[in-house]
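Below: a set of structures, written as structure tokens.
What follows is chain A paired twice: with chain B in the first complex and chain C in the second.
Now for the complex of A and B:
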């Protein structure tokens, strides 16, 4: 484990930004996001969680797939310079691994590039992600419901803990190991440092509130698919997409063409299952015409459908949806209500 | 106050005057209320009323929730001044049957905007909040601070001069006295004074943050088209990506669609996850309509809307130059 003293941090970041396109938390409150930085003073190192997840860099809201001008067709931009992500929380790092299961890998045909998204892969495979342990989970955090932990080492290429005077870094993946080899002139973490990590981890875990095991939710949800309770839990939802658009794991998109017959572009842009038009068919029929059906879809996708396909929950418990929901539809309350109803069946 | 509200609602259920009451309940987070739907007398304890009850509940009578009104059930609805104005608007626009509603007014001294509180705490999470008259004591990990009400009031409330529902069946407590019911728009005037280039730059910068989640539209009581123009795809009127041109088309169209209908409740601005000044243009239009037509939306059920009627003595300088 490498120790970077805070007095060395400025140099470390400057060196990093020379080698990589460096992304880190920038800004405060609702304006905060992962943005490109070139020095430590541009970063917000004290932020618990950015409003926008790093998803916005890997799967941008809008992305040109190709442009054409007459017979000249140019494919969309793919990342060239390697990227480094500093300060990703474990919920977001796990979220990116989940997205990679959909965009970067193919469960059925893992070696067939036709089933991999080249735009996603160009970024994700070309990025080093540093997962920064989360000292003070917010009251909205529930990563531990979904198998996560504020000090989880499950996702990312590097894992770091901020102590009072330093950042302690250890590799998690092959990419991480390669990165650590490039670092020289730094100290190694002492036993005292490692003891401090244990204390910090305990403190972080003490911030977490009682959990519901998302796995039980996965098993029980199908039992109440038709339950009138969905009317009740969806009653206050106004069907905007604030929850989905700030979610680190919502990945649905629409494909659109813009332009004229000899010049134009095809792009994809985030879409959301909360919108009525999301499922509207050419005939005019809409299989999910009611708010109840759309809320159910989102909950089922997060806690059951994705699990059926990929063996994990699609929610990593970051709690962003709870923070931004304009009507305070708290997914934890919904889960508890549903679980209670399912247990009674 | 809360006790009186609960007792009134209990009475309404016991006397079988309502099948459903829409009000606010305690939310899952500090400083947060949440809409609640009460179906029986036993559940009235869920109801609350305080500075956190910011949602405009009228929105639950239209759009996706229209079936609530269509079933002809008797609905009780707890309203602040602005929510009450939305109900007047719905009555004027034939969206509700007045006789099916039991309007329960509550005296409103303004609601808070949590985003403003977060600015005061420099982004630090508030874990508990306690109201004391004109201020709120907030606490989080490692800090405790007091915020005065004026620093956290929703922008819609700062210049509000209609704190009471214009039409109601029951009023809980005493209606708020206002010095004047003539609207004032110092915020709009300040914006008007900027030169055109600065205003445009400011708008483009602000609206560039939009992620097109449509939270503003969906919480807006005045925006209730069965199918919004942005959701139509045959023909498709507007590009779907958050490209600034399309984003502005969405927002400016929305401003025009609610012109003379906006009750300035500020729900759009409070809901925005990108912190955009959404109310500014709506208030600008309200100011224009007040000056030109002496009309304010949502005050009088019998008054024809300014943009749906014509009087010979109206100012016509915008046509004649």
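Now for the complex of A and C:
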């Protein structure tokens, strides 16, 4: 385990930004996001959670798929300089892995490269992600409901924890191991450091509120498919999509053309299953015309459907949806209500 | 790295207007690049996204059979922005195609057994692909019965071919329209009722049913009454689609994506998806 003293951190970051396109938490409050930095003082090292997840870099809000000029098509794929992400929380790191299962791979056609998203792969496959442990989970954090933990090492290429005087870093993946090999001149963590990690972990976990096991929720949700509770749950939702856009694991997108027949571009943009016309067909028929059906769709996708296919929750408990919802719809309360209704069946 | 978001160029070779109101047109598309033609391997049931650069895309079931070489056939119903623009195409115009997408009718499982095809209106597209395919491999399959209904005689597609299929002795084609019409020599009545009358045997048989949602809704109980097991009732779903490759989430129903886990599903599978029917 490598120890980078805080006095060395500035140099470490500067060197890192020379080798990689370095992304780190930048900004405060609602403006905070993962942005490119070239020095440590551009970073916000005290923020628990950025408003915007790293999804904004891996699956940008808008992206040109290709441009066309007559019959000539130019792909929008870009060869990216390798990226390094400093300070990704474990909920976000797990989130990016989950997105990779859909975008970079294909469950249905696992061996066919035609079913892998080349735009996503160019970014994700070339990125090194450093998962930074959380000292003080926010009141909205609930990663532990979904199998996570503030000190989780489940996702990312490297794992780091901040102590009073240093950052302690260890590799998690092959990419992480290769990265660590390039570091020289740093100390290794002492036994005292490792003891401190244990204390910090306990402190972080003590901030977490009582959990609902997402696995139990997943099992029980199909029982209440037609329950009138969905009307109640969806009543105050205005289908604004803030939750989906801010969510690190929502990936629905729209594809549109811009321009004319002989010159223009085809691009994709974030979309949301909660928009009323998301599933509307040209005939006018809309399979999810009711708000209750759309809210149910989002909850089911996060807590049941994805689990059916991939064996884990799509929600990683980051809590951003709780913070941005304009009508204060708290997914944790929704989950508890649904579980209660399902247990009564 | 293959980029399945980028369409391959195809040329409009032949356009047939199927009905007097010009709401249905059939397009035969030719491959422009030999490499694309060679790589395009498909089976009945699959679909493509047809691309009009600058306008958008729409998914269409492939109406040609892979046994018909060198071209792809699609029948397009004029409904929205993209389909209206497709109806403005002339022979010689270029379009884009992404595909083949989706899964296919389980033609391997059908081998040695009887196949009943039940279709309604312009949903007959992939059923044409299936029928032509089965007929091209006739010895591999048992009895072939086809029940095809349309609202009125104008709204059948592939009318010339229906004429030749009616004359074949190695298959039985039943046509039906909703209401009596002058000069109509075949059945009258909705597809579910006519299917019940004809009562195809479920013994060693599969049934493939495609049509408007209301037709499917009332045909399924008839098929269950005729003792077709759920796993042997095959249908093809439609949903609004965009990427066609299981990524954008638009066609998500339950844990499935219609564009890649489907569009072909058995009734047994559909019964496990609460959102499906």
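Please note the rule applied: the second predicted complex is superposed on the first by the 342 of 345 C-alpha atoms of A that agree within 3 Å, B and C clash if a C-alpha of one lies under 4 Å from a C-alpha of the other, contacts with A are read in each partner's own complex, and residues count from 1 in each chain.
Here is the rule we go by: a residue touches a chain if its C-beta (ideal position, glycine included) is under 8 Å from a C-beta of that chain, and two chains touch if they have at least 3 such contacts.
None of the values given here were measured: they were computed from a predicted structure.
Chemist: Should the superposition on chain A be reported as showing a clash between chain B and chain C, or a fit?
Modeler: fit
Chemist: Could you look at A:256 and tell me whether it touches chain B, chain C, both or neither (first, second, both, neither)?
Modeler: both
Chemist: So in the superposed three-chain picture, is A:18 touching just chain B, just chain C, both, or none of them (first/second/both/neither)?
Modeler: After superposing on A, A:18 lies clear of both chain B and chain C.
Chemist: For the superposed arrangement, I'd like the angle with vertex at the C-alpha centre of chain A and ends at chain B and chain C, nearest 10 degrees.
Modeler: Seen from the centre of chain A, the opening angle is 90 degrees.
Chemist: Between chain B and chain C, whom does A:266 touch in the aligned arrangement: first, second, both, or neither?
Modeler: After superposing on A, A:266 lies in contact with chain C but is clear of chain B.
Chemist: Touching A:62 in the superposition: chain B (first), chain C (second), both, neither?
Modeler: A:62: touches chain B, not chain C.
Chemist: Under the stated touch criterion, which partner chain does A:80 make contact with: chain B (first), chain C (second), both, or neither?
Modeler: Neither partner.
Chemist: Give one of first, second, both or neither to describe whether A:327 is in contact with chain B, with chain C, with both, or with none.
Modeler: In the superposition, A:327 contacts chain B only.
Chemist: Please work out whether A:344 is in contact with chain B alone, chain C alone, both, or neither, and reply first, second, both or neither.
Modeler: So A:344 meets neither chain B nor chain C here.
Chemist: First (chain B), second (chain C), both or neither: which does A:114 touch?
Modeler: In the superposed model, A:114 contacts chain C only, not chain B.
Chemist: With the two structures placed on a shared chain A, what shortest C-alpha distance in Å links chain B and chain C?
Modeler: 6
Chemist: Going by the contact definition given at the top, which residues of chain A touch chain B in one complex and chain C in the other?
Modeler: After superposing on chain A, chain A residues 254, 256, 271, 280 contact both chain B and chain C.
Chemist: Going by the contact rule at the top, pick out the chain A residues touching chain B in the complex.
Modeler: My answer: residues 28-32, 47-48, 51, 61-62, 136, 138-140, 232, 235-236, 238-242, 244-246, 254, 256, 258, 267, 269, 271-272, 275-277, 280, 290-291, 322-324, 326-330, 332-333.
Chemist: With touch defined as at the start, can you tell me which chain C residues reach chain A in the complex?
Modeler: 1-7, 9, 52-58, 79-83, 94, 213, 238-240, 242-243, 245-250, 252-255, 257, 260-261, 274-275
Chemist: Can you check the complex and tell me which residues of chain B touch chain A?
Modeler: Result: residues 27-30, 32-37, 55, 59-60, 63-65, 115, 118-119, 122-123, 125, 127, 141, 209, 211-215, 217-219, 227, 231, 233, 239-243, 267, 270-271, 273-275 of chain B touch chain A.
Chemist: Name, in rising order, each residue of chain A that touches chain C in their complex.
Modeler: 65-66, 68, 71, 73, 75, 77, 102-103, 106-109, 113-118, 121, 222, 225, 251-257, 259-264, 266, 268, 271, 273, 278-283, 285, 287, 297, 300-301, 304-306, 308-309
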